[in-house]
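Here subunit A shows up in two complexes: once beside subunit B, once beside subunit C.
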Partner chain A sequence: MRDLGRALLRSRVWRSIARHGFPDSNRNRSLAVLTNFFLHFHPVKVRLRAIRFTRTFYLGGLSAACFLILTMSGVLLMFYYRPAVPHAYNDMKDFAFVVSSGTFLRNLHRWTAHAMVGLVLAHMAWTFLRGAYGPPREFNWVIGIGLLVATLLLSYTGYLLPWDQLAYWAVTVGTHMVAATPLVGPEIELLLLGGHSINDNALVRFYVLHCVVLPMTLALGVGLHIWRLRKDGGLHLPALPMGEDTNHGQDVPGSEEGAEGSPTDSVRLVIPNVEVADGAPDPGDEPMVMTFPHLLLREVVAFLALAVLLVCASLAFDAPLEGIADPARTPNPAKAPWYFLGLQELLRYYAPVVAGVLLPSLCIVALAVVPYFRVNIERPALWQVAPLRRLALLWLAIAVLTGVFRVGATGIVWSIVVPLWLVGAAMSAGALPWRGGRLGPWLRTRSLPFWIFTWFLLSAIALTVVGALFRGPSWRFTLPWRDGIY
Partner chain B sequence: MPFVDDLRLPCDEDELERRRFLALLGSGALGLTAAGTAVVVARYLEPDVLDEGDGRFEVGRPDALPLGTVLVSRARKVYVVHGPRGFYALSAVCTHLGCVTGHEPGQDRIVCPCHGSTFDVTGRVTSGPATTRLRRLSLTLRRGVLVVDTGQPVGDDTVLEV
Partner chain C sequence: MATQDPERAVSLTLRRLGIAFAILSVALLGVLAIAPASAHFSEWRTVQQRYNALARRAKRDPIEVRVRQLSPSPDVVDRCGSCHLGAAGVAPVEGDPLFAAHPPIPHDPTRFGCTICHGGQGRALTMRAAHGGEPNWDEPLFPRKHYEAGCGLCHSGITAPDPDLVASGRGLFEVRGCSACHGVDHRDVAGGPDLSEAGLRGYAHDWHDRHVRAAAGSTDSRWAAGHLPLEEAARAAIDAYLESRVGAPQLMAGKLLVARLGCRGCHRIGGVGGDGPDLSDIGSRKASDLDFSRVRGSPALVDWLEEVLTDPSRLDPRSRMPPPRLDASQIDPLVTYLLSLRTRPIPVAFWPPDRVRAMLLGERDFARDGHALFGAFCSACHGPRGEGKVLGGLSVEVAPAIGGASFLAIASDAFLRRTLREGRPDHRMPPWGALDSGLRPEEITAIIGYLRGLHPVTTTFAEVSASDLDPSRGRSVFRDRCAPCHGDRGEGTAIGPPLAAADNAVTSCEDAIYGTLMNGVEDTAMGTFRTLDARTLRALIDVVRTLDRAPGSRREWRPRQGDPASGAALFARHCAKCHGARPEVRRAPAIQDPRFVAMAPDAFLAASIVRRHDRTRDDVRRSADEISDLVAYLRSLGATSEVSHAE
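Here is the complex of A and B:
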């Protein structure tokens, strides 16, 4: 049996497929990556620091893995699904009761979609906090923002397809938000829906967008994103401190500022027989390892861990399906999926053109221009110059912002204002004369953009949590432990 | 094979001018074609005929609705109200984001389930986030029967006196 296997590997046919020998030498390992279409976006060697789990938590790779799982499960779902009223809803029932493994597939598709949105958001936040978008990576960050938008649109278009009450009303609210855009809104709504209400035409349009247009766009964008990452020299890593001891097989210095984590808990990866292939000198003294197998192994393990988690979730929890869409009866409350609940909560306070068009567009534009202002990369010490004057300025700005968010609102938007005050308090604490400890220096060294982003993040979380847990019928305030979760 | 470096080939001013003109002409033609394609695709995506039905429907005889009644037609998303000044029809579609509102007979008000806007039975906003009142729809009397036309909005104070 083993001989047969070896003979196959040595056969002309196999050698015509994989044009290199068994990867037991560094030369063949290099060839395995270089000559394989599916692996060629990897370099042959990677820096050891770059493949540490805690460096990136593999968030970008796992997002792409979700996209792969979504494509596969989605194509399988397409074999039964018909985008027409009322077949679409009946097909959901077929998945539940008639189609073998139908429930599982639908669950997998649904939960993976949620996971992808979460992972893409986390990937963005982590990239920001790491400041990994400095030159020459500015445009790749912009592509990343585009990919986030594409992910949200995919999720939004997919939401209509089951044609149940949840789907119908979430999409009704969404399209009315689009229609609130000045001048072009109604025209865009007509093109999106293929009519003036959500019916057969809209379903087919969302289906085509969801299954063809957006996935192709996303796949192209992901390819571009990874290709540019590779051309820009791989993962962004902070420069090694000068004169750092970086011998192979020893601990790798883990923290660039020496402020977080102790250097001794870095990866203890003992790699026997790692020789630098071809005797080529490494850039700098960075410890490198062969992509095959060290990076590939990590990728496979991360993918499998994600797959196991999603499969378990799909076996344990069923994707929700309510009654068939009824244009005459709005469920009370009608809630969007969790990642749009922050927006829906904002809609409680502001006119649709503000909450649904102006604020989201501003957020996206603000995110896209982040790298061009070198935000968060250079960190001038906030309290070094004229601390008292700056403190006064800070609280003036906070008072003005508190006022700005009251303008045109139906009430005080606590979910935005409270994080603003908290961030202001934390910033001010940095100006205090701290003695000893780590918190003081840490607070003092954060930059202004860091605080703004923290405020943005906290507000988004607060709005989402309030929308998800504390809103009941007619969007009235409820307490989840008293009235349950709607 | 010898390499011909076109950047080093001689080129006089006239030739350069000619090439610039041709390049402009060519890119202009391409741009026009692209714009034309975009317009045609947009036109294609905009449906010319819509099967969205007739907005007119009969409600019933006026004497079936005593003063103060709010008749709710869920299927048509319309309220027909007999107010102190006469009859009028209100669209039940919330002016905020298009959810279908509900009538709460106890408090005699109209509430939107999506974002909590409330209206009184004349359609006026009593609390946000909606900012504009519910639309009034054409209500006419034909052969003794009230007829609503959902495709025809009317002024905010229009009532039908019978």
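Here is the complex of A and C:
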């Protein structure tokens, strides 16, 4: 039996398909990765540290896996779906009742989309917190921000397609925010909707964007993103602290940002059959393993685990479908998809032009330019020089920011201000001459961008949670355990 | 890792990963198989397999297990037949009502589908979703006892005849033996043709003459029970009853009840009705929009409607709807009718003739004679014969007794028409004109005609001419009834014209005087005097006819510029006692009201001051200047109000 298998692998037909033998030797394993179109993004050998699950939680790879699942389930859904009123809604009903596994496919597509938005956001946050956006990866980080926007747009355009009340009004909230852009807002809305209200034209536009334009953009962008990652020396890893890696490089001040892959590493990388060693100062000390099977197996197992999870979720929970879209009946409250609820929550406080245009664009721009302003990322650490003066400056800045967020708002934006104070408190704790075990030094060594990003992250989470759970009819404050979730 | 051999650790991890890979691969294949596999245990497959089991037992051919759907139009897909196999044309099998044949219906299911009549979600294939149990589905299946509501969705234009006439026709149909040969409401009777759908399909309108002829030449004992021939009124009642037999007795009963109870006095249906909540779309009210906190029973529209019809104030304490006081047998027909009220668009290709007539040709769904119109639109407030009514609710309001003789005697047709068309501001009477509440001019005329007909002329001119003459009676009646406007000697005043034959074309002729007394004069203060008996009329006519031309007839009050200040003093001394500004001590009309002053011409004011106070007439005559002053004072009230309006 085994001989028969070997014979098959040696046959001309097989060799015409796969040009390497059975991957049981390192040579064949290397060839399996190098000569395979789908695998050649990988190096032949990887550092053992880089493939550890807790290093990245495979967030980027799992985002791509979600995209794969979404593409497959989406294509299946496209076989039945017609982007026209009222067929669109009727087709949702047909998915529920007559299409084989239609409910399951729709659920899978829906829940995977939510998972992808969450994973991409988590991927961004983790990449930032690990400081992996530094040179030479700055532009890859910018591409990543673009991919995040594309993911959000993909999810948002897909939201309209079922043409039910939920879809219609969630998209209405979004387009009204877009329309608040000064000068060009109405034109952008017209371009997006193909009219002045959400109707057949808007549905076709959203359909084309969702099924053709944005997926192709995203696929290209993901290719570029991964390709650049390889060119920039693979995963960013903290330098090995003098031959031992038990500390994960975290406890050593300044070590995290100290060692970026040098351009010469990249040059070495692209040459096949050369010992791959990127990032580490001394390649000889770094434990390496073959990509096949060590990395591939991990990837496959992670993908399988995610797929099993999503399939189970799709079997257990049905995607929501409300009554057919009715422009005459506005639900109260009309909520956007969850990832835009933070913005909608801001609308409670600010004019649409601030909450819907200014703040989100500022956030995106700030995220995109972060790698080019390397404030206090290199030594010395934040509190090493004149800690008292810096502390005073910090609280002055916090007071000013608290005031800035009150300007033009209808009330104090607690979801932004409280995280600001918390972050300030945590920073101050690091500045004080306090030796609290491991926590004290850890706080002390965080950089300024880390704190700003933490504040941004906490604010976004707080806004989204409040918008999703604590807002009821007319956007009044409600308690979910008392009044239920709207 | 540092303590172990790194090579071994790596290979151990690899082995664990391999095991995880194996388990997860199998798990993924397993969970992926669940969705396609569960389709084979769906509700409708189980039902069709049960049919096949029963069919085999009954030695019938089993059917192919598949979705059975009807698609009468591209947007409508009804898959009801996947479970309701009997209705889908599959050979009926004993043992399950699902497999019994559909009762005979006039509509071809392949052309109309199921949900167009029954409601529910046609695309669904589970019972809960198909019967409308999903919260997102707005048109649940009509409950069994209200299934006739489905007929009313399309047949919305069927005219409901006068409900009182239908009720009497129903009685006559039984009493006069029609029901011995004819079945109605799908009751099976041998003999004559079935009349269950006579109103919809039409019937021979010369049925009476035909029956009389047939009865004459027949020896069948059943003809004897018919008591032929019938009088005209009975024939009209039976005609109305036949018109109301449209094959949906409960729906028609509801429609007739709405007309009899006068619901449309407040509620608008299809653009016609009062200014209360519009019921045109009540049948598609979404359960999610209704408050069920005080409703007994399930949270469905049907239960909500039943609760409203039992006691509206239970649901909403602020409701102005009077308790309908219905008995239990009336609620179901009303609910059936209300459920049928939907504005859901129906493709024109499906419109029945009655809908075409109603929607495109303007035919009404209510009877248009005065009695029926008054019953449908006025009786809820003014009482069935205009007796007047105290309307309940938080604020007690009184609907005037517009059917009373004294009101109708002075209310001119023009006044009634204007009130009907424009309503009464600050009162519950809404405007009923075509633009407001949808009544057409000819319908308003019919209502006025009905009101006029409530007190018909009972004394003919011949009776008047034939009665004895009693001059003293004539003079006293003239003093009481005519002199206030026409003057003591018929010389005429600012209100009434002179009556002497020399001054008046009418009074030279006795039957013209009679006619004026009976019918009044349109648009003047001259009302009708139909309650006078023949002798009184004879005497009165005689007095009027023999009036001499009075010297100074139509004594003219010459307008003169008065002094408002002295008028104010006069008003305070002589008039304010009764016409004062404070409403609680006011005993006479509020003539200081600027709105009144603005309407009244000077001549009317002056004449009123003179005529209505005959005890002070001598004083007034002495002080004609004072009249001018009073008029000037009242006029100044009107002027100030205009200024204040302008501000």
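The rule is simple: the second predicted complex is superposed on the first by the 431 of 486 C-alpha atoms of A that agree within 3 Å, B and C clash if a C-alpha of one lies under 4 Å from a C-alpha of the other, contacts with A are read in each partner's own complex, and residues count from 1 in each chain.
Operating definition for what follows: a residue touches a chain if its C-beta (ideal position, glycine included) is under 8 Å from a C-beta of that chain, and two chains touch if they have at least 3 such contacts.
Predicted model, so just to flag it, every value in this text is computed and none were measured.
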**OP:** May I ask you to decide whether A:Arg19 touches subunit B, subunit C, both, or neither, giving the answer as first, second, both or neither?
**Re:** neither
**OP:** Please indicate which partner A:Asp164 is in contact with in the superposed arrangement: first for subunit B, second for subunit C, both, or neither.
**Re:** second
**OP:** Check whether A:Val300 is in contact with subunit B, with subunit C, with both or with neither, and answer first, second, both or neither.
**Re:** second
Original post:
Looking at the overlay, what does A:His40 touch: subunit B (first), subunit C (second), both, or neither?
Top reply: neither
**OP:** Examine A:Pro287 and indicate which partner it touches, taking first as subunit B and second as subunit C; both and neither are also allowed.
**Re:** second
Original post:
A:Ala328 contacts which: subunit B (first), subunit C (second), both, neither?
Top reply: first
**OP:** Please name which positions on subunit A make contact with subunit B in the complex.
**Re:** 169, 172-173, 175-177, 190-191, 194-197, 199, 201, 327-334, 344, 347-352, 356, 410, 473-476
Subject >> subunit A contact footprint on subunit B (complex, rising order) >> reply: 42, 45-47, 50, 52, 74-77, 96-102, 111-116, 127-129, 131
Subject >> Residues of subunit A touching subunit C in the complex >> reply: 48, 86, 90, 93-94, 96-98, 100-101, 103-104, 164-165, 244, 246, 287, 289, 293-294, 297-298, 300-301, 304-305, 307-308, 311-312, 314-315, 321-323
**OP:** Could you pull out which subunit C residues touch subunit A in their complex?
**Re:** 2, 6, 10, 14, 17-18, 20-21, 24-25, 27-28, 31-32, 34-36, 39, 67, 75, 77, 79, 121, 123-126, 129, 136-138, 286
